[in-house]
Structure formats: C-alpha cells, structure tokens
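In structure tokens below, several structures.
Common to both upcoming complexes is chain A, partnered first by chain B, then by chain C.
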Partner chain A sequence: MQISPILAALRYHKAGVVLIAMQIALTLAIVCNAMFIIHQRLVRMDKPSGVEESGLLVVKNEWAGKPATGQIASLMAADLDTLRKMPGVANVYATNTYPLSNGGFANGIGHSPDKRNYVSVTAVYFSDENTLSTLGLKLVEGRNFNADEINGLGDNDKIAPAVIIVTRELARRLYPDGSALGKTAYISNEPSIIIGIVDRLQIPWVDNSMARWADCSTLLPFRNLVTITHYLIRTQPEEIEDVATRVRATLYATQRLRVIRPKDGVKTFAQVRAAAYKSDRGMAILMGVISVILVATTAAGIVGLASFWVGQRRKQIGVRRALGATRQDILGYFLTENLLICMAGVVLGGLLAIGLNLWLMKQFEMERIAPGYVLAGVAMLLLLGQCAVFAPAWRASHVPPVEATRSV
Partner chain B sequence: MLAYYFRLGVRSLLRNPILTMLMVLTIGIGVASSMTTYAVFRAVSANPLPEKSLQLFAPQIDIWGPQSRAQGADMPDALTYTDAMALLRDKKARRQTAIYPVNLTLVPQDERSEPFAINGYAAYADFFSMFKAPFLYGGAWNMAQDDTHAAVVVISSQLNQQLFQGSDSVGSTIRLDDHDYEIVGVVDGWNPKPRFYDVNNSDGFNDAPDIFLPFTRGIDLQINTNGNTNCYGSAGRNPGFDGFIHSDCAWVSYWAELPDAKAEAAYRDYLTNYAADQNRAGRFHWKPYITLRNLVEWLDYEKVVPPETRISLWLSLGFLLVCLINTIGLMLAKFMRRAGEIGVRRALGASRKEIWTQFLFEAAMVGVGGGVVGVVFTGLGALSVGLVFEPDIARLARVNTGLIGLTLVCALVSTLAAAFYPIWRASRVQPAWQLKSN
Partner chain C sequence: MLKMTHLSKVYRTEVVETYALRDFNIDVKEGEFVAVTGPSGSGKTTFLTIAGLLETFTGGEYHLDGVEVSHLDDNARSRIRNEKIGFIFQAFNLIPDLNVFDNVEVPLRYRGMKAPERKQRIMDALERVGLASRAKHYPAELSGGQQQRVAIARALAGSPRLLLADEPTGNLDTQMARGVLELLEEIHREGATIVMVTHDPELAARAQRNVHIIDGQVVDLAEDPRFHTAYAAAAGQVRG
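Coming up: the complex of A and B.
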C-alpha cells in the first residue's frame, strides 16, 4: 500500500483530518487517565482489613439519659450476655470503634514516655478477650488478652494499658531488628508490654492522608464505659440477616433507655465497607461510564466522517476500480488512511495524557500514570479507529466501477 | 423566510435521521454530564453566608510547634479550650463565639416511644447574630446567660414540630440527657450549606442540628465534644473532664466577626501578641505563628469541595469538548454533502448571509434537540448521582428551572459554536464548481 497518494488526498480534507485526530487525542488523554484512576480506586478498595468480614454485624448503641460509669458497666455486661445468648450469634464484644468505621482516635506510640517523641501513629481499638475471635484476626505471635486483664475505662479516664496487642506492621516499625513480642512500647506515659502480634488490622479511616500508617493498629484491654458503644457481633454467615433483623428489638426488650438509630444503628460489615469506599466506588463508576460513552462517541464520529468521505469520493473510487484496483485495494486505502490519522491523534493524545496526569498530580495529589496505561490506550484507539472505519470502507470497496461513467 | 428555513431545516435533518440523531444525542449527553456534575459542584461550593462571608474569621494558633509538622501532624483546625477561653475573655472582635458539637439523648415522657438522639452545638450568645440565624419564635439567649451558665436552649423548627406540633414552645422545658433546659428560641429551618462553622468536624452537609445550648453550660455538665479532638503524640494528660479541657488537645471551633480590614489587621496583631505571650510564659518554645482566614478561605482550606467533585466536573467538561469536536465533524459532513444544493441556491441569487442564516437555523434546531435530550439526561443524572457521590452531597444536586434553563442554553450555545466552522465552509461553496460537476 502506497502511503504518499493517501497523504496527498488527505490534504484536501484538512478539517476532517484535524477533527478526527483531535478527537482521538482527547479521548486517549481522558480515557487512559480515567482507567488509571479506576485502577487506583480499585486497589484502594481491595485493601484487606484483616477482619473476617462475612457474618460480622455492627450495632451502634447510645445510652439515653447519661447513666454513670458504674451503671454503664452493668448495662454493657447485660447487653453482651443477651447478645451472646441470641440464636445465630457465635461471639460478641464491645468497642469504641472498628476498621473502616471512619471514627475513633489515634495516638502516637514509641519508646519514650515523652508524648512528643513517638515512632508511629496508631489507631486505638478497645478490646477484650473475645475481640480476636469475633473479628477473626490472625494471631501470628504471642497470646490473646485474658479475661482478668480487661478493665473498665470511664469517660476521660487515663489510658495506660499494662498489656497491648499490635499489628505486625506496627511491631516492625517499633522493633525493626527483631521480634517485638514481650517488649515494651509507650502509648501513654507509662510502658505497656506487647503480648501479642496480629497479622493485619486496618485503621478506621481510609483517607489518603492516613494511608502511611493504615496498618498500624493497637488493641487495648479496655471496656470503654461511655455513652456510645459499638457491639461487634460474629454470626453464622447464613444467619446474619436474621440476627440483624432481630437484634434491635432484642436489646430494647431488655432495656428501653437507649438509642439504636433505626436508619443506621445496625449494619452488616458489608454495609460498613460499602459506606467507607462509597466515593471510591462512585469515582470508578463515573470514570467507567464516561470512558465508555466517550469511546462510543469517538467511534460514531469516525463512522460519520468516513461515510461522508466515501460518499464524496464515489466517483474517484469508481475510476480507480475501472483502472484495475481491486476491492482489497479500496478497503486497504481507507483503513490505511484511518490508521495514519489515528496515529497522528495518538501521538498528540499520548502527550496530552501525560500532561493531564501531571495536572491531576498537582491538583489532586494523584500518582504518576504507569506508561502501560498510555500504551494500552494507544492500541485500543488504533483498533477502535480501524473497527469504526471498516463499515464505510467496506461500502467503498463495493462501489461498482461503472460509477466512474455516471457523470463528469 | 424564517418559516422557509425552518421547513428546509426539518427536511434536511429528516433526510439522514441517523446522523441527526447522532448529533442530538452527542450534544445531549455531553451537556447532561457537564450539567449533572456542575449541579453537584455548585451545591458544594456555594457560599453559605454571602453577605458576611468576608467579615467572619476562624483563627488558628500553632500550639504544637514546627516539630509536629515535621512528624506529619497538621496545624490543628480548632483551638484548645485554654486558648478559646483566653480569646473570649479579651473580646477583641465585634462578636465572637466558641463552638463544639454535642450529641445528647431525649427520653420522651410517653413510656412507649423510644428515646432518640439529639445533635447540636454548644455556643455563645453571639453565635446567632454573627451567623444570622433566623428565629421562628423567641430569640437567642443573652450574654448575661452565658456568664451565669444558664440552663437554656434554642431548638430547631423540626424538633419543635416533633415535640410541640409546631406551636410556640418558648418558655417550655425539655430534658436532654439528665438535665432540664428552658427553651428560649426556635430557629426557623436554619441549616446553612455547607455548615461552615462545623466543617472542621463534618463534611458540612448533614441534617440540620436539633439544638443549641450555652457553651458554659455544656462545660459545667461535662458534655463531651461529638466532633474531632486533635491531640499530638501519645496520650499523657491528667484524667477526668478537667484534665481533658486543660490538655493541649484542640477541639473548640472559634469564630470572630471583624467588620473591616482595619479590624482584621488589629485582630491578627492581637493573636500574634497572644501567641508571643504564651511563648514568654513558657508554654510555647517556637516563633509565634497564627492564621486568620475568612469564611471563604476557611471553606477552601478545609477542602469542603471534595476532590471527586472537582475531578468529575473537569472530566465532564473534557467530555463535552470531545462531543463538540465530534459534532463539528458530523455537521461538516452533513453540510458539505449538500454542496450541490448550496451551489444552486447561491447561483439563484442567495447571498452568503442567507446561507449563514439557513444553516444557523438548522444548527439551532439540532441545539434545541440536544438541549431537550440534555434535560432528560440531566434529570436521569441527578437521580443517579447517589451512585457516585456521598448521600449528603448527592441529595443537594436537584433539578430546578435554573438548571433546566442552563442546560438548554448550554446546549444551544455549544451547538452554534460547533456549527460555526461547518457553516463557514458551507457559505464558501463556489456555485460555479457545483453547477459544473453535476
């Protein structure tokens, strides 16, 4: 296939060529950045929490009328007992917060009682001896809390645990050169002994700003005796819906002076996860939808302009056919023409894609796009161009040679 | 003549219905995606108090020093209780208030109904006049009641509806947690969006707060903050509520009303001097550093417009641009295919201007069609923004007459802009060439 006659012919369609090339370029720039954003969001959403999520239920309970600390202790003990006796419930514990909840508090943890001198930030999870089995955490070293190590912690009481359990990542940061088990760490101004290390436990927040310590969590042996408590309930996975529908009424039957909000007081962990990553999922959907429509629009545009060109050149095609060009020649002509235009488009588009990525990096703290995305986008758009132009080119190749004699 | 162009346009558009539909759909979808994301963007980037947004200021004081920032802790976007109280005592602004969010419960008298949660804020009397809260009944408490730590409360019209069936409840008593409060006022559905005075704790688009009570009373009753508490480093403060409020944890929002640039400069000096005093007193060991941002700057600093909303808007505009380029191409094809017809018209005496009018008319028809499709898709888009944005934000994107008008105008203007080049080409058609070849 000779390229120079095609180039010569293109000079007569400058506007159309520029329009298609521009469209290809912009589509490439937007689509490969969109794909990159989708990939990043999916990676974020894919991060394991360390929790055995199916069959886990969360109930947020607020005591009404501000009972005293001592009262909360007995109310909470009664609740835990009631919940444990519910059919379908395997285990339960009470806590201040849980992974992906987007609430709770974080502390510095380090080797010194000086609070300003810490090694890492860590999420603080109040736990008891049932926490590991309720959440399904994997203990890789050491032991669980014993029941007699769990203390009540009133509002604004001093947090100074004698023993703590940390995640493997936090243990590594505290003691990079050996096992942290049995060693001390300061999460308050008094030392705590690390008695256990769990494989993984994500912090409550999924924000990018906290990603640097997203796997640094500490379990503290406390029951937080304050107005708001979260009960985490391990159910048989097939009974979770059943337990979820009954749990509110069961708790109210034992004690009326509480608030479990009808709207979101009882949540499965699947709902917790969906809420935590709502905006990530939303972004991925939006980027996906826009990319699909964009590609379809561009394809439609190519079909439209190519059809117009074929229509315009019926006579020339007829002449070429009369002079001995085969159908393949005509088909090849239009396919090559499209390939040339698209190649110009993707070169420009590749540059635009990188420029757009740089701008997004500056504006939205995004990462640098992997070159694979641009290359995949280039291949996809070249293929798209060929597919889109195929139907008009096919019609062109079926223009009969007699067309040449019709007018002029 | 216009009626004739209209008929010509209809005939031409119907001649290639697929091409016409493609153009209309392209414009419609492009405009709709931009309008949907714009509706969300407009809602989240709105100025909640335009008439006073340049007179309301939120201060920050560097209480942890440069070392904390080296360790990755941002400067806290609230004050410590100690600093907030010092600023309130000095009263250097025209009006000022400390604020913190509270979460209480209300136990109904009726044994059968369940207790429910009450959200609100502890604030000072100036809060209501500073932020122009409209009252349905009664009014704010006064400064003397701040000083006496009075057990009074301002409730929302929703709570008033729920508890008193909307009647004037001023003077009645409600029991929140384990204490009684006398109602002094009912605010009239007041919920600025974004809720600028609480964006350091929430996304700013939640349901309206139920109650407001005096800050001094909240502290007396040891009501904890329901918002963020920013502490630095590991725990290490004295136990109890008293230990908490006198710690260097930042959790009190603070706003000052400064009527003009002079007052703003004076307040800035005052804050710097305050920080320097703390330095001399041995509390800080670094160069005094403060910030003072007005409401607009504060919303920006707190990133109230989520990055997702911005990216979506830019992406949709990019998409619209591609749609327009596409439309230029399709129109060019469509108009140039009629070169023969144009040639005949020109030869029969039609001027270039008349060709312009004819094709502008046709383009306008495509634009209006695109606008109608765009309105339909914008409606669908507004219904499905819940898939993409947080529920609090998604429900702000409403289709109103303004948005419908904007969609139509946007579709028409962008179509005419896209049609400019194809029409110019059409008007340049040489009649002689066309007549010769056909």
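Coming up: the complex of A and C.
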C-alpha cells in the first residue's frame, strides 16, 4: 500500500484536505448526537403507558356557574350513569388527570408524614372501582377499590386516603426487600394502606426531567368534585369513533350548563399520545432531516473535491499509468487517499461527538452517548466517504496512459 | 527488440478518418540508439506512444521484445510498460507533490518491489544521474536539466529493456541539453536500447541510426529527392 507517498502528496493540498476532514468531523459529531437524540425520543415515544389505549376516550368537562361540591357530586354521578348507558361504552370513571395528559399533580410518598424524607415522587390519580377496568390496568397483587371506599373530594378537602393502589415500580421503591402489599405509605399526613399493586401506570408528564419516576403512580380512592373533570371512557375499539361523535351531544342533553370544547373536549387516547409526544416527534424529524442534509452535503463535498482533484491531476494520472500503474492501482490510490482523509476526519469527529455530548449533558440534561453511536457513525462516514469517492476514482482509473504525453 | 510491421493508426470521427501512421514499418535491434525525426504532425509522437503501449493501434503487427502486443489486455500492457519500458518525456512529467526520491520510486512501487530493494535502486539511479544529494528536494526546487535527470533516473531505476525518449532536450537550454544527451549516450554505451523522438538534427546525428517519418510513414531521406537537399544540409551542418 502506498500510504506514505499519498500522505506526502496530501501535504500539497492542505486546504482541501483540512476542509473535508473538518466537514467529516462536524458531520460525525452532529450526526452521532442527533442519532442518539432520535433514539432517545423514539424510546420515550415507544414507552408503554400501562393503559390499554385502543378504545379509550377522554372527555374534558367543565361545569359552568360554579356549582357547589354537592351539586358537582350529583351532576357527575348523573354523567357517569348516562355515559355507562351509551351504546358502545363498556366502562367509565371520573378523574383529575390521566397518563400523558401533561397535567395533574405529584406528591412525595414515603414511610413517614415528614415530607422531607419521602422515598419517591408519585403522580396522583383520583380513581374509583371502575378505574382498573376502564384503563385496562393489570392488577398484579392485592385488590381493586370497593365502591364504598370512594369518597368525594372538594377543592378545600384534605387528601388523606385510607387505602391506595400503587404501581409495581413505586412499590419496589417503597419496599425493595419484600412485597408492599398491606404495608403503610404516607402520601399525606395520614397513613395509607397499600391494597393493590398494578403492573404499570405512566405519570401524566413525558418530560425527560421526570423520567426517573415515570412509572411511579398512585391511585387514590377519590372522586374529584371540582369544576374541571375528565371522564375516561372505555369503548369497544370498533365503536370509538361513533361514541366520540355522540358523547358531547349526549352529555349536553343531560345538562347544558357545562363546557366541552368542540376542538379538543373529546379525544381518543391515540390523539392524547400524539399530542404528548408531538415535540419528541418533531425533534426526531428535525434531527433526522439535519442529519440527512449534513450527510448529503458531506458526500457532495467529497465527490466535488475528488472530482476536482481528478480533473487537476489528469496528467499525473496519465504519468502514473505510463509508468506501469494499472486501473486498479489508480482506483486504489484515490480510495486510499479518501480513506486517509476520512480517517483523520472521524478521529477528530469522534472526539468532537463526545465533547458535544458532554456539553449537551451539562446544558440540556441529555444522557451520556453510548460508544456504539460513535463507532456506528465512524463506520457510516468511512463507508460514505468510500461510496462518494468511488465515481470520481473510477473516472480517474480510466484516464488513458497517453494523457502523459499531452501538454496541459 | 521493437518491430512494427504494416502498422496503422487511424483517428476516426463521424465525418473523417485521419491516418496518423500508415503502413508503418520499423525494426529496432537490441542495443541500438535510434533517433526518430520528422516534421510536426508527421506521426513521431504517435509512433512513440504506440511503441510505449500508451495507446493502441488500428492495424498491423507490433512485436515488443518478442511479444505480439495487440491482443494484450490493459493490465498486461501496464505490466510491460512497468517492467520493460522506461519513458523520458519532453516536459519531464515529474509528480510535483512528491520529492525526487518518491518520484523515482513510483514505477518500482507499481512493480511490488520490497522497500530495501527499491531504496537501493533509487539511490543507484540518482547516483548515476548525479542527483543523489537532491533526493529530498521537490521538482520545483530543481532546474530543468536536473528535473530531466530525475526523469531519466526514474526511467532507469526499473532496469528497462527499452528507453523511449520524447524530445528529451526540448525544454532545456543548450548546456543542459548537452548534459542530458551525454547521459543518454552513456546509458546507450552500457547496452540500453534507446528510441528517441526529436526534431533537432544535431541530436539526431548523434544517434546510431536515424529514422525519418513523413505523413505517418518511414522514409529513406537519402533516396527521396524531395528531402535530399535539406537532409544533406542538416547532416553537413552537424558534421561540419
């Protein structure tokens, strides 16, 4: 392999070499991190909520005229009764929030009332005896709430549940050495007995900053007697569109003093998921587009520079052919030359990729990039370089030896 | 060593056929120093490029060192160029990005020679042309005569059977040209076969044999009354 003469010759084309190597380095640094971000976003978007999402409908209801807590209780009971009787509806319950809603509240939960010593943060879902079946949650230990355990909770009422249901992840954190079932946990100043454990229930927020406790949820046996209520409706999946079309009119028929916004008052859970991950999807697409543009620009740069060099060195190629170089020798020369430039670029790019990742970690709480991304990026750019230079190198290999005798 | 029989080279376009060589016959024996002369456009360079396997011919036969070359593929032609032929070009054709050592090394690398042997041959060749001390210099740092000497060293390093020179002194002043010519004569005395294309009568006169090309054919000037006067005058000048 004629590496040393190629390196010697490259010293005479420093500007082009440095520019292409820098372009490769920047492309590698950006594309590696972009791919890592895309992967993270896809993983996050693919995270199971624990909810059986198909066939689930969400209705956001806002009572007009500031009704009293007692009135809301009876209005809500009437609504639940009405909804349950709708054709295509399997079950329904009322709640303060639901997974992926990006709203609600969280609380510390631990082994004592002292909030400074909480074990984990947990999302708080107000629930009733229909919650598990409506959401399709999988109860792995214990039991569901009984109807007589469900209490109304007004704006000024204290949250002090006697019993709670927690997710498996929260149970593990609270009692890592054994089952949490039947044990006590403090989500308020009063002790709550854990009566059930569900396999999984994602919190309402999808932000990366909350990823550490994304599966720590607690179901509290309350009916939220406030102005804004969410009805979660389990339909037969094939009838969800029909129910979604009729539900607003049906509720208005029972009570007109309410607001269910035409635009987003009724949503399928698929729409909820799409809205929750809209920015993640957008970021993944943006990163993908940037990566494609960068890679295409780099490939074009390599093709352009190699083509220019082939044109510039036609006479030299002819001389090499006259001195005995075969077409394969010339092809190999340009491929090797490109490989050397790309290798310089990817070494620098690898360091830049790690540096950029460290900066992103510091500035945007990004995770540490896996070495596999950098290695895959290196392999991809080396391959890209070889593919990009192949056509100009092929043209170079077909420069006839008689070119050596032609005056420039 | 080099024998062309009824050889022709035709350049074709859609509307015209141009004969660069027509019924071309030449036989160069091993160890000969042949000068090929002729006016511009007569076919001298075409002859040299075909002789050096830099391009193919249209018809006839060409035997190089006993091998009929018309049916050889591109790789085989490259191998013969590399192993049997040394080229000396008018414009030197050194690679400007490489130093003198690396320039002389180019054909040896294509031969797949090991590094120690390459180094020995390169230094021997540079010693022979008197430029061993300039091995690390780049072509741009050398005079025209020195560059042509490097080109000769590059041609000699591979120990070719045939040395083809295309106007080797065409870009040099008189003093440098004389030095290069003396070097070629020395190489010839040591047994090399040299075919040199030139339009310089003085240079041609110092060759062992002269071949004149007119309109793509070899002609005998002594027997052609059209050229007798000019040839005699040129020869007289040289001898005088």
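Just so it is clear, the second predicted complex is superposed on the first by the 402 of 408 C-alpha atoms of A that agree within 3 Å, B and C clash if a C-alpha of one lies under 4 Å from a C-alpha of the other, contacts with A are read in each partner's own complex, and residues count from 1 in each chain.
Criterion: a residue touches a chain if its C-beta (ideal position, glycine included) is under 8 Å from a C-beta of that chain, and two chains touch if they have at least 3 such contacts.
If you're wondering where the values come from, they're calculated on a predicted model, not measured in any experiment.
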Using the superposition on chain A described above, determine whether A:375 touches chain B (first), chain C (second), both, or neither.
-> neither
Given the touch rule stated above, what does A:110 touch, chain B (first), chain C (second), both, or neither?
-> first
Regarding the shared-chain residue A:5, is it in contact with chain B (first), chain C (second), both, or neither?
-> second
Which partner does A:156 contact after superposing on A: first (chain B), second (chain C), both, neither?
-> first
In the superposed arrangement, does A:401 touch chain B (first), chain C (second), both or neither?
-> second
Residue contacts on chain A - larger count, chain B or chain C = B
Is A:320 in contact with chain B, with chain C, with both, or with neither (first, second, both, neither)?
-> second
Chain B versus chain C as contact partner of A:387, first or second or both or neither | neither
Considering each complex separately, which residues of chain A are in contact with chain B in the first and with chain C in the second?
-> 407
Touching chain B in the complex: which residues of chain A?
-> 15-16, 19-20, 22-23, 26-27, 29-30, 34, 37, 62-66, 105, 107-110, 113-118, 121, 155-160, 186-189, 212, 226-228, 252, 256-259, 261, 278-279, 282-283, 285-287, 290, 293-294, 297-298, 300-301, 304-305, 307-308, 311-312, 360, 363-365, 407-408
Chain C residues touching chain A - in the complex, by the definition given at the top | 45, 48-49, 52-55, 74-75, 78-79, 81-83, 87, 89, 91, 93, 95-99, 102, 105-107, 109-111, 154, 158, 166
Name, in rising order, each residue of chain B that touches chain A in their complex.
-> 19, 22, 26, 29-30, 33, 67-68, 71-72, 103-107, 111, 114-117, 177-178, 222, 224, 229, 231-236, 238-241, 243-244, 306-308, 310-312, 315-316, 318-319, 321-323, 325-326, 328-330, 332-334, 336-337, 387-391, 421, 425, 437-438
Provide the residue numbers of chain A that touch chain C in the complex, in ascending order.
-> 2, 5, 8-9, 11-13, 315-316, 319-329, 400-402, 404-405, 407
